[in-house]
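Paired with chain B in one complex and with chain C in the other, chain A is shared by the two complexes that follow.
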Partner chain A sequence: MNILVLLKMVPDVVEELEVAPDGKSLDTEFLRLIPNEPDDHALEEALLLKERLGGKVTVLAPDAAEVDEALFTALAKGADRALKLSGADASSNTAGLALAIRQAIAATPDLQGVDLILTGTQANDDLDTLLAPVLAQLMGVPFVGIVTSVVPDAGRRMVTVQKECPKGVRAEFEMPMPAVLGIQAAEKPPRYVPVAKVRAAMKSLKIEAVEAGEPLPALPIEVIAMDKPVVSERAEMLEGSPEEVAGKVCEILTARGLL
Partner chain B sequence: MNAATAWTEIASCPSSLENLFDTEEGRRLRTCIQCGTCAGTCPYGDTMDYPPRRMIALLRSGQIEKVFTSDSLLNCVACYACMAKCPRGIRLTDVLLPLMKEQTLAHMPELPAELQKALQNTMRYGNPMGESSRKRALWLKTAGVPIRVLPEQPGPVDLLWFVECYSAFYARGQDIARATAKVFNALGLDFAVLGNEEKCAGECGRLTWEPGLYETLIDYNMAIFAKYSFNHIVTGCPHALNAFRLRYPSYGFRYDTLHVTELLVRHLDRLKPLLKRKLNYTVTYHDSCCLGRRNSIFDEPRILLKAIPGVKLVEMTHHRENAICCGGGGGGMWLDTYYKTKGYERLSERRIKEAVEIGADVLAIACDYEFSRFEDALKVLGHDKRMVVRDITELLAESMEA
Partner chain C sequence: MAGEIWVLAEHWQGQISEITFEVLALGRELAQALGVKLEAVLLGHGKKDLAASLGAAEQVLYADHSSLAEMTAESCAVALENLVRSKKPKAVLVPLSNVTLGIGSLLAAKLGAVCINSCVDVSVSDGKLQARSLLYGGKMEATVRAAGDPVILGIWPGCRPIEAGRTTVAPPVEEVAVALPDEPKVRFKRYIEPEAGDIDICEQEVLVSVGRGIQSADNLELAQELAEALGGAVSGSRPVIDQGWLPMSRQVGKSGANVKPKFYLAAGISGAPEHVEGMKGAALIVAINTDPKAPIFNVAHYGIEADALDVLPALTAKVKERKGH
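For the complex of A and B:
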């Protein structure tokens, strides 16, 4: 099983986000990037599949601040190879990033025979979950998102996946490999890797560089303005004994026709 | 056990299990008489497949790997009870248990989620809560007294006050920070804080599972200390005190480090006249494991409490060397959910039952981990109307009010 995992760095929302002076982007001075959490689940699922079925896990991430640490962490967890994609600005251009990844896969001999491409279903700068489907479309391979279970059948070159649907319903799909999957949750929580192991990976392992082929096409959409949320009236705090507060809650719900 | 001189030996303590028997501590391990006092005194000894006594037996017979894949070490709250009671002077909590925890972390298929998150947060943000490191000094705005921040006003200072995570970020912990600032100011001490430059000292990193994390934090904090000129470090966090006294010396740290209670006792003559208001409380004091059993700081907190007019100090059944751990050390702060799912009694609840039994109305603490532990336990047990938890600095500050 030859698996490619796509990782990327996204703004860390623990830090205060500020709008840049241009009024339409995030101020990079105070911005800190963090590995996209759903991508950790994609990596975990890939590592579990490798442990079960053998094979190789390659991680690929567009160049960004602190991305080396994320890639070395993936190597320390058990990934076999780490690729850093330069020339692709991941922020706010998901379609462009998908194209750059498509080009990098075509230009990297080992990746042409990849069986599965896993990535987090979404990212906080890609809530529309576009990366995986656009990449699948460009590659002409199947895609399913919000996946919680992946069972490949290497002999038949087929993969069975479960997708979470509303109201607790799960859908099962079977499709030929290669396929692109947006992972919602790995079978178990992403593993912890001791800091000493990451440090050791930094000393003994290498990150390979890959280039996005052609310059990315201009975005067909443009960000016109970016604003922080406007603070509206504050929440009303209900005071009094538990009985009084419960009474007030009932009054409010009744007044709004909810009871 | 002479805690005060132990650091020189700590500095040469073994860093891995492989060379353990070539060291002084390894020689002691060979002298273990398998009496089982460690297992008997351990607050969670009954929950462990491999309590310390069995661990040593397996270590000596070359079967120690068995322990790595069990969850026994998850139940070690680094309370120093086994080490304090060992008739052979084996330094379990200082040496063997951390080495075993490190191996457990490397071999366990899955870490409890809360503990994993706390370790990741401490690595990324320098605090286990996962708060932005740029907000560490925010509490200063609410201090009510002037506090010098070294990065803004460098230059020599007598006392570097290492505030630590729970006092900087946790809402009740900030009350300790404010009270401490007030008392320091009233005494006219020359002190300063590191503001946003401070990061967790990392005690729970070394003692809890993660030497890589601990070393990263030591490297960071040592570089910060080197930037400034000061005579002593003072901290209200017994875990930071432990780290500075017992672990940092291996990395070249030579600063004199004091707990806030030790510092204040040194200034007792000037402190006493400031304690004007009578506080008619029946107070019992909970000995923090790191302060008490590990660093022999038993008297200072009690001296301060007795200096407050009106305070009646009563002792719980288990006090000083025999105090029961709050359950927060060694990673226990982030294992409550895990213990709950296993059906273990929370140690903080065991402690609160003792405190309520002797009729105290204030549980005094001197460790910033303990607000969350004991205030939660009071609520869980339904005793929150009968008793409150107060840091000693809070009681001092209250007594200073006109």
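For the complex of A and C:
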């Protein structure tokens, strides 16, 4: 199996996010970027497939702050090759990113025979579109998203996947390889890798640079404003020690006949 | 005619999905503001009867093909591409759910059209469509305009009340032909039902729901004790299920259950849109989170800025005290 994993850095939404002075974008000064969580699941699924079937896993990520650490972490987890893509502004121009990745794949001989391309089913900064279906369209290969199971049949050059539907139901699809799959969750939680192993990877392994071949078109979407969602009603906050707030919750439950 | 507003009618397992009615209600507002027709596009195989409930639209375009028996992204996108090229609507509103995810993106890529993802609202300003797109896990909204026609808009659940898009009047149906391969590349094989045996969280009156803030599987016990004291059950958000701490049958949200209990306690759940979609209908929502800006406080009736691990045992003790244990 020759598997390509696409990984993107996105704002960590656990942190406080602020609007930049232009009123149209995120303030990047205190922004912390982390790997897009579904992308991390895509990497895990790829590593599980490699363990099961052999082959190699290449991770490709557009350049961004902290991306080196994410790529070395992928290498420490068992990826064979890490590529950093320059020339693509990945944030909120997903269609442009898909084009850049298409060019990078075409320019990297090793990736032309790729069997599967796995990436997260979505990212929290996908303003314009989703990466997996657009890339699949550019490459003329099949796509399925919200995938939670990937079973390739190398002999038949087919892959069977399961995707999540509503109400806990899963749907099974079969398609020829290569295919681009949007991963929702790997079969197992993403593996943990100790910091020491990442540091060792930083010393002994390397990240290769690839470039988007042509300048990318600007996003044909005009951002007029960015702001925090205005909510008509916000929760009434209960203050006090854990015991005090617990008492207040009990009063609310009693008043509603729930206790 | 050209320039209509289209809504892709999502259906699953023989029923029009609720989100379709929400999006129809939004589509009708846009069509009225622009002075154009609202049309629903129904794609399926032997599903023409479903058009009868889509009367919020002035007309239903129905395409029947064996490749459209299930709503696979590729077949639906190709069918829509056929129709958009011949009829030239101004905008196509595509529901964003687990059934339809990817259709809008594929369609836009095939047409070379602009797609705006994660719209929570769309309006008409100076005769142009303007969308609000929910980003960064629900922490920001971008107000955007797209250049060119058609524009493909992915619409998040909850944009309008379901009832606003329901009607008893059956609309006229135009059957339209689409050119699709008889053997699509992506072939549907089967549905896999969830494992039976566990409780049905939709039937529970009280849910103690846990998220990432619960930190480890060991802490689930704190939620379990409270649920038992209240006579309810434990459910969870996506990260907890993905970690394997709770089975999939306990998942609330987009891929899991849509619950409407009398009391929903969200412990350490940030309130990502995918989760909120599945619990916003609860009669009473109390949220506990260390982050005062967590989006869960926008949907909760009562909020507690604290560590769930501190509040859960305190609440269990108080509940037991009140019940006289």
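The rule is simple: the second predicted complex is superposed on the first by the 227 of 259 C-alpha atoms of A that agree within 3 Å, B and C clash if a C-alpha of one lies under 4 Å from a C-alpha of the other, contacts with A are read in each partner's own complex, and residues count from 1 in each chain.
In this section, contacts are C-beta pairs under 8 Å (C-beta built on N, C-alpha and C of every residue); 3 or more make two chains touch, one makes a residue touch a chain.
Since this is a predicted model, take the numbers as computed values, not measurements.
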**Message:** Touch test for A:A65: chain B only (first), chain C only (second), both, or neither?
**Reply:** neither
**Asked** After lining up the shared chain so the two structures overlap, which partner does A:L238 touch, if you call chain B first and chain C second: first, second, both or neither?
**Response** second
**Message:** According to the stated criteria, A:A106 is in contact with first (chain B), second (chain C), both, or neither; which is it?
**Reply:** neither
**Asked** Touching A:P189, do we find chain B (first), chain C (second), both, or neither?
**Response** both
**Request:** Determine, under the contact definition given at the top, whether A:A209 touches first (chain B), second (chain C), both, or neither.
**Result:** neither
**Request:** Would you mind checking which one, chain B or chain C, touches more residues on chain A?
**Result:** C
**Message:** Which partner chains sit in contact with A:P142 here, chain B, chain C, both or neither? Use first/second/both/neither.
**Reply:** second
**Prompt:** Between chain B (first) and chain C (second), which does A:R256 come into contact with in this model arrangement: first, second, both, or neither?
**Reply:** second
**Prompt:** In the superposed arrangement, does A:E16 touch chain B (first), chain C (second), both or neither?
**Reply:** both
**Asked** Regarding the shared-chain residue A:I34, is it in contact with chain B (first), chain C (second), both, or neither?
**Response** first
**Asked** If you lay the two complexes on top of each other, which residues of chain A touch chain B in one and chain C in the other?
**Response** 14, 16, 188-189
**Asked** Of all residues in chain B, which touch chain A in the complex?
**Response** 102, 105-106, 110-111, 113, 116, 119-120, 123-125, 130-132, 134, 209-213, 215-216
**Asked** Mind pulling up the chain C residues that touch chain A in the complex?
**Response** 12, 17, 70, 72-74, 77, 97-99, 101-102, 104-106, 108-110, 114-118, 120, 130, 133-148, 185-194, 205-206, 230, 238, 241-244, 248-249, 251, 254-258, 262-263, 270, 283-287, 291-293, 295, 297-306, 310-311, 313-315, 317-319, 322-323
**Request:** Write out the stretch or stretches of chain A touching chain B in their complex.
**Result:** 14-16, 30, 34, 188-189, 191-192, 194-199
**Request:** Sort out for me which residues of chain A touch chain C in the complex.
**Result:** 10-11, 13-14, 16-17, 19, 24, 26, 41, 92, 94-95, 98, 121-122, 124-130, 132-134, 136-138, 142-146, 160, 162-176, 182, 184-185, 188-189, 220-229, 231, 234-238, 241-243, 245-250, 252-254, 256, 258-259
